[in-house]
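Two complexes, one shared chain (chain A), two partners (chain B, chain C).
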Partner chain A sequence: MTTVTSAARRFRISRLRGSNNEGVLVVAIAVLAIVVGLFSPSFWSVATLLNVGTNSLENVVFAMAVLIVIISGGIDVSFMAIGIFAGYSVIVLGNSTGIAADSAWLGFVIAIAIGLALGLLNAFAIAGLRLPTLIATLGTQGIIRGVMLAFIGRKVLPTYPPGLESLSTTYLFTDHAAIDTRLNVMIIPSIMICVAVSLMLRYTLVGRGIFAIGGDAESTRRAGFPVTGLRVLIYLMAGALAAVAGLMHVTQVRLANPYELVGGELDVIAAVVLGGASIFGGKGSVSGTVLGVVLIALIKNSLILLGVPGAWQRAAVGALLLIGVSAQAISAVGRRRRGTIVQEEEEAAA
Partner chain B sequence: MSDASTLIQRLMPERSLLRLAAFAIVVMIVFSVMSKPFLSVINFQSMGFQVAEVGLLSLAVMLSMLTGGIDLSIVSIASVSAIVTSQLFAATGASQSSAVTPVLTALFIVVGMLAGTAIGLVNGLLITRLHITPILATLGTMQLINGLMVAWTNGQAIYGMPDIFLAIGTGTVFLVPVAIIVLMAAALLTAVFINRTATGLRLKLVGANPTAARYSGLDNDRVLTLTYLGSALLASLAGIIIASRAASASADYGTSYVLVAIVVCMLAGVNPNGGYATVTGVIVAAFTLQMVASGLNQIGWNAFHYQIVQGVLLIAVIGLNTLSDQGVLSGRLGRPRLRRPPAPGAATSEPGS
Partner chain C sequence: MSGDHPLLVARGISKHFGGVAALDNVSLEIRPGEVHCLAGENGSGKSTLIKIISGVVKPDAGVIEVGGETYAHLTPRQAIGAGIEVIYQDFSLFPNLTVAENIAITSLIARGRRAVRPSDLRSIARPVVERIGVGLVLDARVEDLSVADRQLTAICRALAQDARIIFMDEPTTALTWREVSALFRIVAALRESGVALVFVSHKIEEVLRISQRITVLRNGGVVVSGEASEFDRPALIRAMTGRALSDLTPSDTAWREGQPMLEVEGLGRGGYFEGVTFDVRPGEVLGITGLLGSGRTEIAEALFGVHPADSGSIRVNGQPVVLNSVRDAIRAGFGYVPADRLKQGLFLEQSIARNVIAGSLDRLVGRLNLLRQSVADRLAETSLTNLHVKMSTSRALARSLSGGNQQRVVLAKWLARSPRVLILNSPTVGVDVGSKHEILEMLRAKSREGIGIIVISDDVPELFEVCHRVLVVRRGRIVTELTGDRLSEQAILDELAA
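Moving on, here comes the complex of A and B:
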């Protein structure tokens, strides 16, 4: 009776909202653009677009790594450590030994190899030792960052091997307004990675397996998926993606600083969660995640334009995460409140 | 929960405490062999000053883990109480000693700790009213509060506290650091709270099985809110000690303590899925980790080596606990391992929470 009508209403709203909050995010981005534009007309410019692109091109790849892990029901806080480890190591390696010095491609191949190795460490802790993912990745974060700072280097490196040096100044667009704003050519591989992850999640057995594990690991096992193998694969992929994103970041800033990135995990986790991914697993999408990353980049960009001190950006991201998760949780509670647990089970069974 | 796993839970405390004690003794022997001054009174005193804040933050994390959650905002909460207290000193110019200084100091500490504890209330409400998972709720408040504190202090450290305030973190009574006495008092109160009061028992029940707790008529929301209030109170106290030891307060102090506190809880055998925690274990583990830190420092290792050691310890300890739960380490060595959990109940040991 009432459940039926409310269910119908919920269905209509959820259609507008998109399966993973995409609709809400598009509206939020549009409202933000209009409001900020009113206060600061220079917001509506090509430069803003290029700045957001510059900001997002590495974060969106980090977000893909986090998305895969969150859909599988885990959480990863080691991805920034993997990213800076791989990015910094490639520069050190290129400078000191000349390995992969002339080709940026080779640099990325080495980064991926490093990412896979570090991902294997996560896989060992999570799939092998069955540790809770948050605690395991907190531990590996410490190990990875410690090894980099203790054994690889602690200096900020301004000189790059020639291959990456030339990539860092290869731009897709340049906007010559008041100041030159540029967008690096790496936006193209970054978009390609998102498309690839989206196709993988949607159309491959591995992708469906990742969603299934996030839904219920035991059922997935009984359905015949090799759950342990899939978990290993998830953390290998996340490691490789994080490494690519890390090298993209190091290349873009043209100053390899080993103290960077770690500590900024929440920007990416917030983007993924805002993009509709459920921390309990089994839910999430690439399109939502990309919108989440863009929204956060846009907010940070707007705060700078409006002259808000940098410290408020941290607070804003924290607040945004809480608002985003609350909104999701409230709609879930609304559903739960309408019936007792027994009714809910009957609904689920029907 | 099946009979087997409750049995394991009942046997685990003693075993993990024994293992921890053995580890502590090994650490002590190894470092006293490697470094002469390790076993000196001065060294133990200096460890005592540092262990108090780590111990208090670990107790805070332990409380949240007891209910199956986690509090990642402890360091931000500590910075709130430290910054509010020191801003009050700065605003009133109370750093110059006068007759009312002790009263003002006590008052400002209470206000600072109330401010920190209020964040715990926010955490509790986010988790119970809005049903946000503890990880995300406390991650969000951690970032939000940290940003607000950096903005408030312009990223600068705040100085100017009276000597009586600094005595909390740097003074000694009969060679024993005051901070240790504070830690021990807090630990005792926490132990009494979780082991001897009805509310403490409720905490454990909610952590062991929230559904069963709800069906037995417990107000889970109330219990969880109390948990995060308690954890914030302990973190606020840690903030006061950090500020008084550093003679200043800053939003950037102690950011590495989240990992340390979780490592301590894991060393102590606290079950991150809820239901079991031991204050004794946490205190012993905090001292052990402090011995590791101080010993490594004396043999010339740096903070980054220590970070590696923490990570390895964390993974090794839980790995060891998980493997021994599965019976791999005791008695079943010769027999082939079960590849799958034997009963559906065993699926609760799955990672992914």
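Moving on, here comes the complex of A and C:
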């Protein structure tokens, strides 16, 4: 009897906190907003919201790619390389050949195709050659970036094909009080992608299979999941998502720079881990990840407002990554301890 | 249930790996509503037989009749379709998913579903959980469950797949004594509903207690198969090992005369155990037992300096010693064989010889702290020969050895140091009956040579077989000392259950 009641009690408390500490993140974001607002009243403005939105709309899509991989028990450091490869290639292709020049839609379709191809490279290395994911994606990151610089181009391109040019200036909101503070319409597809990934992870057998692999790959095989196929699918999805995010980024900045993005993996990985995804696999949620991305965007925004030098931003995000990982480790220890107490209660009750 | 119409018949199954016959003309019959025990030592072919029946391995010869069909070999899907489920020792569960998901997910895959609705999960999981009448919380994550509840989840998953024959590999190894009783009640209930269970087990007492029929395998062949009532403990051991084993408890009393070589007084460690006082005399094997979580392992770890005690005193040969680290303990002449020998006791990816000398490196170095290889080789060879380790060469990896031989290598490592006190935690878990007996024999021999031996275990027959005295630990305190006439298997069981 003791097990039932104490398990039920634990279940209720964990509900408030969210299964992946989402509740804690909401509190952290609220506290941050209040504190920074006290020091710098300009923080409480529509402009801040729009800035955070602009920053996050591409990063949440990158984060979805990373989330899927991390839940499956892997880690991906090639997603930024895939993103910039796809984004930059679509601009080069549109400018030089006119392919997909008039339609932003087609541009994204081509980006997705590139992302799938590059994702297949990861899938081959990980599901085919069975390489450890960190090393495999570190290798493909180098290959992807090298191939792009060698064959696609090295120049920073200021002119865009008309389709993407017009998308880049289509805004959902414009804050007239603050100059240049706008929110691109791409926030809508970005939100839709998050919802789609969330539904996929929760309500499809593929999604549960991704969690299952992260929990125990051998058991997943024994349960009848096609594990290799599932792994291929994971890296294909991650590639496609990274490509979409990359083109979103290139479109937003309106200056296609092949040297961008790679090196910025930290922000996204930190956001996913802060959002409760376990680096050991098997755990994570879209809502937590979105909150993680928003928290990091807010912190970077706040540091600027507070006049902290840019170099410290990276340090701050790095520290957040460590905090996220430590929080996981601490809660794991807590769970073990609770387990022991339950056992003692049982012994005592019997 | 009458056994007229068997659920499954395997006939004339043979399987060769390379030139070695893993199974040779083996037949097995499983009847509805029976607990059938598959007994045999490591390497007798039990796991190969299970793999063939569950469709993981293809046999070279023989047929399997199940569900009215005859197969030359089964695919995993056909086996599951025929109601055959295997619960492996590690349960193959997903720790990060809920109980309901763990129970239902295999069924969903088998049905070729793409969508997973929470309501489906519950409608699959709830009836099975209710069927065996256990209090599993469907929304709890499996990693938060006790080992026993995880096993129940695995059983429920098998039932959700309409299992009619459930194979369970060493189902009681990780369970406490009370949990084993609970498991046996559920097994009885399942039998009522016509499900057959096949237990693969090393534990003779359990085999005799729970099964209706027993099939004993040895060297890839069936030695005997029959009603459980036709067997007793010696007969079963003889069938499994091919020889009779003496299992008299040590009756020698010479040890009583000796001066204590180890004296422990008022030992305590906050929150784990307190006021632990006992001594060990030369020639004596002392047993310490208790339920999981009683503090028995913590006491052993304190004596070996892994988690030092914070109160009390320890004297070796009358001299007080301070054991604040493993280093201190080794210097004071202690050796410790941990329970989880794969993780803590062996370097699996290193050679057998290197494993043996790993504990004695400080004695094997010459000038400049370089290893004297020839001395080391000699030490390794002598130790391995003394312990009868069966291996191709001492250069083979420790991983390549069977459980029993691995345990001997761990023992060889500590005996190579000639310790004064050797502490063994669950020394024969996962070791087959024959090796188990030899290991226990050896412990007794070592104790006669004057090494103080402490065995930490909850394997009652093992304690009874090897120990002169047994201390029972409950909630961190020694509550009873059993010795002489008061030491019997039943007495230990009663104390554990109290």
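The rule we apply is simple: the second predicted complex is superposed on the first by the 318 of 350 C-alpha atoms of A that agree within 3 Å, B and C clash if a C-alpha of one lies under 4 Å from a C-alpha of the other, contacts with A are read in each partner's own complex, and residues count from 1 in each chain.
One rule holds in what follows: contacts are C-beta pairs under 8 Å (C-beta built on N, C-alpha and C of every residue); 3 or more make two chains touch, one makes a residue touch a chain.
Remember, it's a predicted structure, so these values are computed and weren't measured experimentally.
Trainee: Look at A:159 in the shared chain and tell me whether it touches chain B only, chain C only, both, or neither; answer first, second, both or neither.
Mentor: neither
Trainee: Using the superposition described at the top, determine whether chain B or chain C touches more residues of chain A.
Mentor: Partner with more touched residues of chain A: B.
Trainee: Just chain B (first), just chain C (second), both, or neither: which does A:282 touch?
Mentor: second
Trainee: So in the superposed three-chain picture, is A:139 touching just chain B, just chain C, both, or none of them (first/second/both/neither)?
Mentor: A:139: touches chain B, not chain C.
Trainee: A:321 in the overlay: touching chain B, chain C, both, or neither? Say first, second, both or neither.
Mentor: In the superposition, A:321 touches chain B alone.
Trainee: Look at A:203 in the shared chain and tell me whether it touches chain B only, chain C only, both, or neither; answer first, second, both or neither.
Mentor: Touch status of A:203: second partner only.
Trainee: Once the shared chain is lined up, is A:212 touching chain B (first), chain C (second), both, or neither of them?
Mentor: Second partner only, chain C.
Trainee: Looking at A:224, would you say it contacts chain B, chain C, both, or neither? Reply first, second, both or neither.
Mentor: A:224 sits against chain C, while chain B stays out of touch.
Trainee: What is the shared patch of chain A, the residues that chain B and chain C both contact?
Mentor: Chain A residues touching both partners: 214, 218, 281.
Trainee: Which part of chain A faces chain C closely enough to touch in the complex?
Mentor: My answer: residues 1, 3-4, 7-8, 10-11, 202-208, 211-212, 214-216, 218-220, 222-225, 278, 281-283, 335, 338-340, 342-344, 346-347, 350.
Trainee: Show which residues of chain A lie in contact with chain B when the two form their complex.
Mentor: Touching chain B from chain A are residues 72-75, 125-126, 129-136, 138-147, 149-150, 213-214, 217-218, 221, 263, 266, 269-270, 273, 279-281, 309, 311-319, 321-322, 325-326, 329-330, 332-333.
Trainee: In the complex of these two chains, what residues of chain C are touching chain A?
Mentor: Touching chain A from chain C are residues 76-77, 80, 88, 90, 92-97, 101, 105-106, 108-110, 113-117, 135, 137, 139-140, 143-144, 146, 149, 178, 291-293, 475.
Trainee: Quick check: in the complex, which residue numbers of chain B touch chain A?
Mentor: Checking each residue of chain B against chain A gives 70, 126, 130-133, 135-137, 139-148, 150-151, 154-155, 255, 258-259, 262-263, 266, 272-273, 302, 304-312, 314-315, 318-319, 322-323, 340, 344, 347, 349-353.
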